[in-house]
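Working notes, beginning with the structure itself.
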C-alpha cells in the first residue's frame, strides 16, 4: 500500500477536518441571577458545535463584563473567580469553530463594542455570503475592523445605522447581510435572538421560571432543566427585556430551508430540531438505507463510531441483522502525534480506531457511516476491518454524496477536495476498497424526514452540499482573491 | 430532592473515581530500531489503564534515556524531539494511575536506577501487599527511597541482591514481593517481563518480524500490527536479549486467579484475555443477566454509556428487545467545573449525560450498567431517565455487588464507601430510585466466562471484590498507620 | 515604627511605581533586509522605557506581519521563528508602559488597521490630552474602537480623513490631537515619524548605510552601530520611502518645550538629548546641587542606586568628598513577594537594598537621589542608613519638588499622592527622617542644562511636574467621569 | 574583525558563564515560628550565589515539608500558599548553581530522605573531590542514587552509618568526604551546620531573639535584621536543637584556607567575610593595583559594571583620577536572544553594555575589571570604548591571572579554556586589543587583604585558581571517564 503517509497524516488531524466541520454554538440568557453560569453550562452542552474558543459577555445593569479565550468551555469557565467576575442577569456566549478568520484572540466571539447607544455584544452561528463586499464598503468610509470574522460586519452595520434603537439597527443590518446565520446579541437590559430569512441555521427559545434562554440546540436547555418553548422563525428577531419578549420580522415570507446536515451529523442526537428527534431521524435514515440498499447474506451491521451508531441501529433493526460494535474508538486521541517515519508508516498505525476482531472474522460486514468527505478514513477503516478477517465489507452511507461546499457556516473542504465531486459511486467504492458502496438517495433522505420525496418547487431543506442548489446567493464568491493584508503571529 | 450537592460534586469528579479505577498499563519492546515510538504507540492504546502520567526508558546499546511526565501519552510523547532523544532498540513504558503514592514526578514510572550491574528500569502494573514491610527493613539497613511507590521495592531488592545477574536478582525479588502485579523491566540489552504467582494482573507477549513486545493488553499489539503470541504465565519471568527469549519460573505451581473485573470493566473491549474476547464476554454476561433477571413488558434496553454498551447489546439480543442509545454522553467533560451555588444545585445539572427524551417517554426501560460503586451516579441517571418520561426504570448490573476493596492494583474506595458493603439489593434499589434492581450472580458470571459455576476449590479467578476471598495475604494491612514523613509540594 | 506594612507593600511594588513611571519607547526601520531584527534590538535598548508589553509590525512589499505580546522584548522576540515570520525591509516597534488603558492584549502597540488606502500600523510614545473628547465624537458617527488606548484615536482620524495620502491624513490627525507624543507609523512602503508641536516627547533619526531609523533615544542607534543624524523637530513629520526622506510640518512655529524629566531620570545615561549627554547633565545637576546645598563636615556621598549614581558622582566631585556605594542593590527583586505577616513586617525586610555597613558607621552621610514621590522609599533608606551606624543623614535631590501630575505620557500618581503637593520641604524632611533635605532649585536645574535660569517668557522645557505650567491644554480633564463600559477579563 | 560570531554567542550566554561562576547559597533557621519565610528571605539575599533552582525543607515537630523548583527564589516562594504549607519552626534552604549534575528536578537541593532515624534534609555549598569514588563503593553495596549531585553522597553516608545519632553519622560522613563545602542540614528538631576542614567555603552563624540562623554570607542576616554572631570554624559542626547550640569538630587542627575569590568577585560587597568588609577589600585591591600599575597621563578610571565598580573606585581614589561610569549596563538582558545572521553579526551588537560616549572621546582611559576568563568579553569592551573615541585603553585587573580550574564548588571552564593558562600577559594584552594590561600581583592581593605578602608556608587562603596550589587532593580527577548511564529528558 503506497499511501500510508497520507493516511497517517489524516489520522493526525482532528476528526472535524475529516468530517464536515461542526459550526458554532450560541447561547443567551435574560433574567437569571447567575446568568454567566447558565451560559457556561449551555455552552458546555453545545461544545460539539465548536471546540476552538469560547466567550461570554454579561451585563449587570451598569456594566458589561467579557471573557474570551482559546480552548474548551471547561478550560476557561470552570473557575469560580472568572464566573464571579462575569456579573449580571443577562449574558450571551459563543463556542467557536473557525469558519472564516483564523483563530486569533480578537476573533473570539461574542464581539463587543461601545456604540453611541451603549455597549453591544454579538455572537453568530453561521456565515455571511456578502461579508467581504460589505466590509470593503465600510472600510472605504473609514470603518476600522478589529477582527477577521464576518460577525463584525453586523457590529459595524449596527454602529453605522441611524435608527434610534439597537434592535431597529440590528433589523436594518439583517436586511443587508446575506447568508445562513443565527444570532444572539446583548445590549443594555436587552437580549436579542435572530435567524436568517430561510432559517438555515437553528435557534431555539427556552424558559425556566422567569428566565428566558436562547440556544442553538435544545440539548442546551436540558442541561439546566429549562423548558423548550419554540424555535425562532426564519427571518424572525426576538427582543427580550424587562417588558417581556417581543417578536419582529426583518424578513418575512421566505420559505424555510433548514440545514439538512444538522439531522445527518451536526446536531447532538438528544436534540430536537423542528420538533423532530435527531436520534430518531438518524435511525429512520438508516432504516431507509436498509430498504434501498440491502446486502445479501450479511452477518452483522457495524457502525463507524461514534457518529454512525444511530443510523447503524436503524439499519440493523430494519434489516433484522445483529448490531455489533465491530470498531472500537480510542477516546484519548490528542490533536497531534509523533511524526511518522517510513518504518512507522508501514505499520498502518491505528491511533483512533481498532477492529474488534472477535466479531469480524469470516463475516460479511455492513459498515454504516454518515458521510464520506475525502475517502481516506473510509478506506483505512475498510482495510482494518478486512485485516481483522472480514470476508466482505459493504459500506452504507446515511447521506447522499457530498459534492458541494457549504457557504452558510459549515467547514467543508473546497469542492475539488470532496471525493464525490469528481468521482462516481463505483469509483469511490474502489478507492475505499469496499465490496459494495451505497449512499441513501436524496428522496430516501427526505422520506426519512417525513416528506414524500424532494420537491424541487418546495424544497423544505437546504441540501446544497448534495444538490448544489444554494438558497442564498454567494456574493463574495465573485471576489475570492481579496488579499489578507496582515498576518498576526499567535 | 435534598442531595444535589453531593451529586453535583460527584459529577465534577473524574469518572475513574466513581467507577472502580483502572490500573496501570505497561509496554516493552526488544529489537525494534524505533523502540520508543513503538512504546509510545503501545501506551497510547493502553491509555484507558492510566491517565495521570507516563514514562519511557530506552537503551541504545551504550546509554539509557528516560522521559517521564504528568499527563496523557499524547501530551508528552507526540513531539519528534522527545522521541528522537529516546534512542535505541530496547524500551519500556508505563501509564500511571495512582494506586499508592501521590502523583509526584518522582513517582512516575518506569523507575530507573544505576546499579552496580549497570542501568535498570522497571514499570509495574499492580500492587504489592507487603511493600511497606519490606521497605521498612531496607531503610533500617541504610537504603534511601526516592519515591513513595511500591514499585521501588523491586528496584531496591534487585540492588541489594547478591545474585550475579539482573534476572536472577529480579527472580529473588519476586519471591519476596507479595501481591498482584505484572512487570516490564529493562537492563543492558535485556527486556524482562514477569507476572505474579497467581497471574492476577495481565501481561501478554507479541511479535512483529524480529521484534518482541510485552503489553498489558492485546489491543496494544493491534495498534502496531504486531501478532499476539501468548500470555505470560502466572509466576513466569521471560528474559529477552540478543540470544532470543528464555522463560523462568520464580514461582511454580500456583493456581491461576486472573482478575475477573478485567472482563467486566477494565480491559478494552477489543482486547483478548485468556483467549477470550472481552467484548464477547461482556455480551455473554449481559445475556446471562437477561436470563437471570428479565423484566416483564419492557420496551427497550438502554446502556449507561460507554462501558455498559456491550452487556446491554447482549441483554437486548437475549431478551429480544430493542437496544437504544437512551442516554447520550457529552465527551467534552473536563476534570472540574464551576463551583455550584445553591441556585445551580437545584437544577440537577447534567454535565456528562443527557436523556434521549424521544425514546424514553412512556416506556418501560431496562438500564444496563457494569457496576454500582457509591450509588450516586446510578440514582442520578435513574432520575434523569424518569424525568424524561420513562414509566418504569429497571436497573440491571453486569457484575455481582462490589463489597470489598481491591489490594492488587485497583483503585477502589474503602469498604465503608462501597454501597453494597453495607446495603442489600433491596435497599440499594430504593437508594437509586429504581423500580427493580438485579445484579448478575457470581455463578452466572462464571457461566458467561465458560465455567459451569464458581467452584470454591478451584476458583479460576480473583473475585475478591465480590466475595472477599483474597488469593494473596494482605501483610501491610496490619500496619496501616505508618506515617508519611515528608510532604512534597507539587 | 508603626508603618512597616505600608513600607513592605511599597517594597513589593515595582520600582516604576515608586518612581515617576517610564513612558513608552518607539523604534522604526526603513530599508534594512532584516528590519524586524533591527527593531527587536532597538526595543531591547529602549527596554527601560516600558516593560509591560512589546510589539513589532513589519512590511515586506506585499503583506504586513504583526506580533504583539505581554512581557519583555527578550521574552517575545528572542526566537528565530518569530523574527523569521516578521518578514520585510520596513518595520515599526513599541515598548509599552501603560499610561492609559489596562494592559490588555488588544492595547499592545503598534496598533494595526486595514484602511481603504491599505495597511497602517502606528505606535505612540506619549499621551493625548483630548483623546476621550475625540473618541466620543467618532463613536457618535459609528466608529468602533478596539482598544482603550488613546493611540487608536490617531488610527481612526487617519481612517476617517478624506485626504488622498496616508501622510496627509496623519498630518490632519496631528492637527486634531492635543498632547505630548512621538509617533512611528508604517504604511505600504512608507515609514513615518512625527513629534508633537512642542516636542515634549523625544524622537531621533538615525542612519546605517542605506537604512533609516527612528528611535525614542540615541542609545538605540548605538546597539546596532547606526549613526545619529538629528532629532525630529517639534511639530515635524518625516516620511521615508523609496524616494528617500521628506520633511513636513503639520505644526509650525511653536516653541520647543522638551520634557525636563528625561534629563533627570527617564532617559538612559548613555543617550544624547538635544545634543546634550544625559549622563553629563545628571552630573552637572549634582554639581549644582552641591553648590546650592552643601553639608558641613560631611564624610561621604552615597547614591541611591542605580538612578542616583551620576548626580552623586557630580555632587562628590564638586564637594570634593569621597563617593562610595553605601547602599547595595539586589538585582534579583521580582515583581511580588511573600505576603507579610505581622511577625515579618516588624523586621523591616530589605528586599531591594542593603546598607554597606563598613562605610557608614559613625559617618555624616550625604544621600543623593533623583526625586521623592511618596516618600516611603526615602524614609526607609534613611532609616536603613542610620541603622547601619550613620551619625547624620542629609538627603539631596537632583530635581525640584514633584508637585503636579504629568498628562503627556508619564505615569505619575495623582497630585494628592505626591508628597510635595501638600508638604513643604521641612515637613518632608521630617517625614523621611533626614537630618536635612534639599532639592535642586528650578533655576539651578536650568543652569545645569546650560541656561542662565528659568525664563517665564521662553521656558525651553516642559517642567509642569514642578511648576504646574502645562504647555498643552488638558481638554479631557474636564470630563473625568466618562465611565468604562466593559471590563475585559485578562 | 573576524570573530564577531564568537563574541555574539558569548554575549548571548549568561554573565555567569563568562565570569567564574557563582557557587551555591545555603540558609538555615531554628526556632522561628515562620521558619520557611525566613529561609525564603535569606535565599533571596543569597540569590547571586545561584539562580538555577532553589528549595526549602521545613519541619514542624511532626512532619517534614519540601518544595523544590527551577528558577529564582522569588518565582517559587513568593506565594502565600507555598510558604503556608512549608510549616514549622525549623527549615533549611538552598540556591543552586549547577556545579556537578545537570539541572534536573531531582538534583535540586536540599535533598531529603527517610532514614531509619527519621527524616533528614541536606543542602551543600561546594564540591566534593572524591564523590564519584565514594558513590561507586556505595552502589557496589546496593545503594540507589536518586540524583547526580555529589551532595547525595552525604545522605548515603549518613544512611549507611551505624552511629546512634544523626550528628555523629554526619560527622563520620564528613571524615570520608573530601573537598570544599559548607553544609546546612535538618533532622527532627535539629539544625546542623558544618564546614570543610580548611574552611574553603563560607558559613556564618546569626541570631535574632531566640532564633538561630546559618547563612553562606552575612548579607542574608541583614535582610531579616538578624545579628551576625560568628563564622563556623574550619572543620566545625554546630548542632542546634531545643537544648541550644553545641559545637563539634569532626576535623581539628587544619590550617584555614578560605577561598580568596570570594573577596574578588563572588560575595556580595555588603557582606563581611572573616571580619573583613568585602567592599572595602575590593577597594583596597584597586588601590594596590593603582600603586603597582599606574597609567601615565590617564584621564579617567572606568569600571566594567557592575562587578568592577568597587575596585575602580579604589583605583581612582589612589590614583587621584576621576571615576566615571564610562560603560552603561542594560539590566534587561535575558538568557537568550535572536540567532544572529551574518548581517547582524557584522554590527557588533551590544546587548549588554554600551559606551558612554560623552566621557570617552579623546581620553586616555583606565578600564578596571575583576578578572579575565576567556578574553572575548574584555576585547569586545575595549573595542567598544575605543570606537566611542577613546585615545588609549589601559586594562587593569583586580586579580592575578586565572590559570587553573576550581574543584571546590566554583564553575570554572576547563584549564584549556582559561586564556591565562596558555598565554602570558603581553599576549593577552594583544588579544584584547588593549594599549596596556596589568593584573594585581599575588603579593599585592595578599597585601590588600592585610597580609604582608603570600607566605608559601602559611598561605591563609585557597588561591589555587591563580597558583595551582590545591589544599585538598583531587581524588576523582584520576577517574574522569566514568560514563553517565542515563540521560533524563527535562
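The first chain written gets the first letter, and so on, giving A, B, C and D; residue counts start at 1 in each chain.
Operating definition for what follows: contacts are C-beta pairs under 8 Å (C-beta built on N, C-alpha and C of every residue); 3 or more make two chains touch, one makes a residue touch a chain.
The model shown is predicted, which means the values in this text are computed figures rather than measured ones.
Taken together, chain C and chain D share no touching chain. Comparing the centres of all chains, each the average of its CA atoms, the largest separation from chain B belongs to C. Annotation: 50 Å between the Cα-based centres of chain B and chain D. Note: centroid distance chain A to chain B, computed from Cα atoms, is 36 Å.
Between chain A and chain D, the centres computed from C-alpha atoms are 61 Å apart. Contacts with at least two other chains are made by no residue of chain A. All chain pairs that touch, listed by label, are A-B, A-C, B-D, C-D.
Of all residues in chain D, those touching chain C in their complex are 33-34, 37, 40-41, 44-45, 47-48, 51, 72-75, 77-80, 83, 219, 222-225, 268-270, 272, 277, 279-280, 306, 309-310, 313, 317, 322-325, 328, 330-339, 341, 343-344, 347-351, 354-359. By the touch criterion given at the top, residues 57, 63-68, 82, 85-86, 105-106, 112-116, 118-119, 139-140, 142-146, 155-156, 159-161, 483-489 of chain D touch chain B in their complex.
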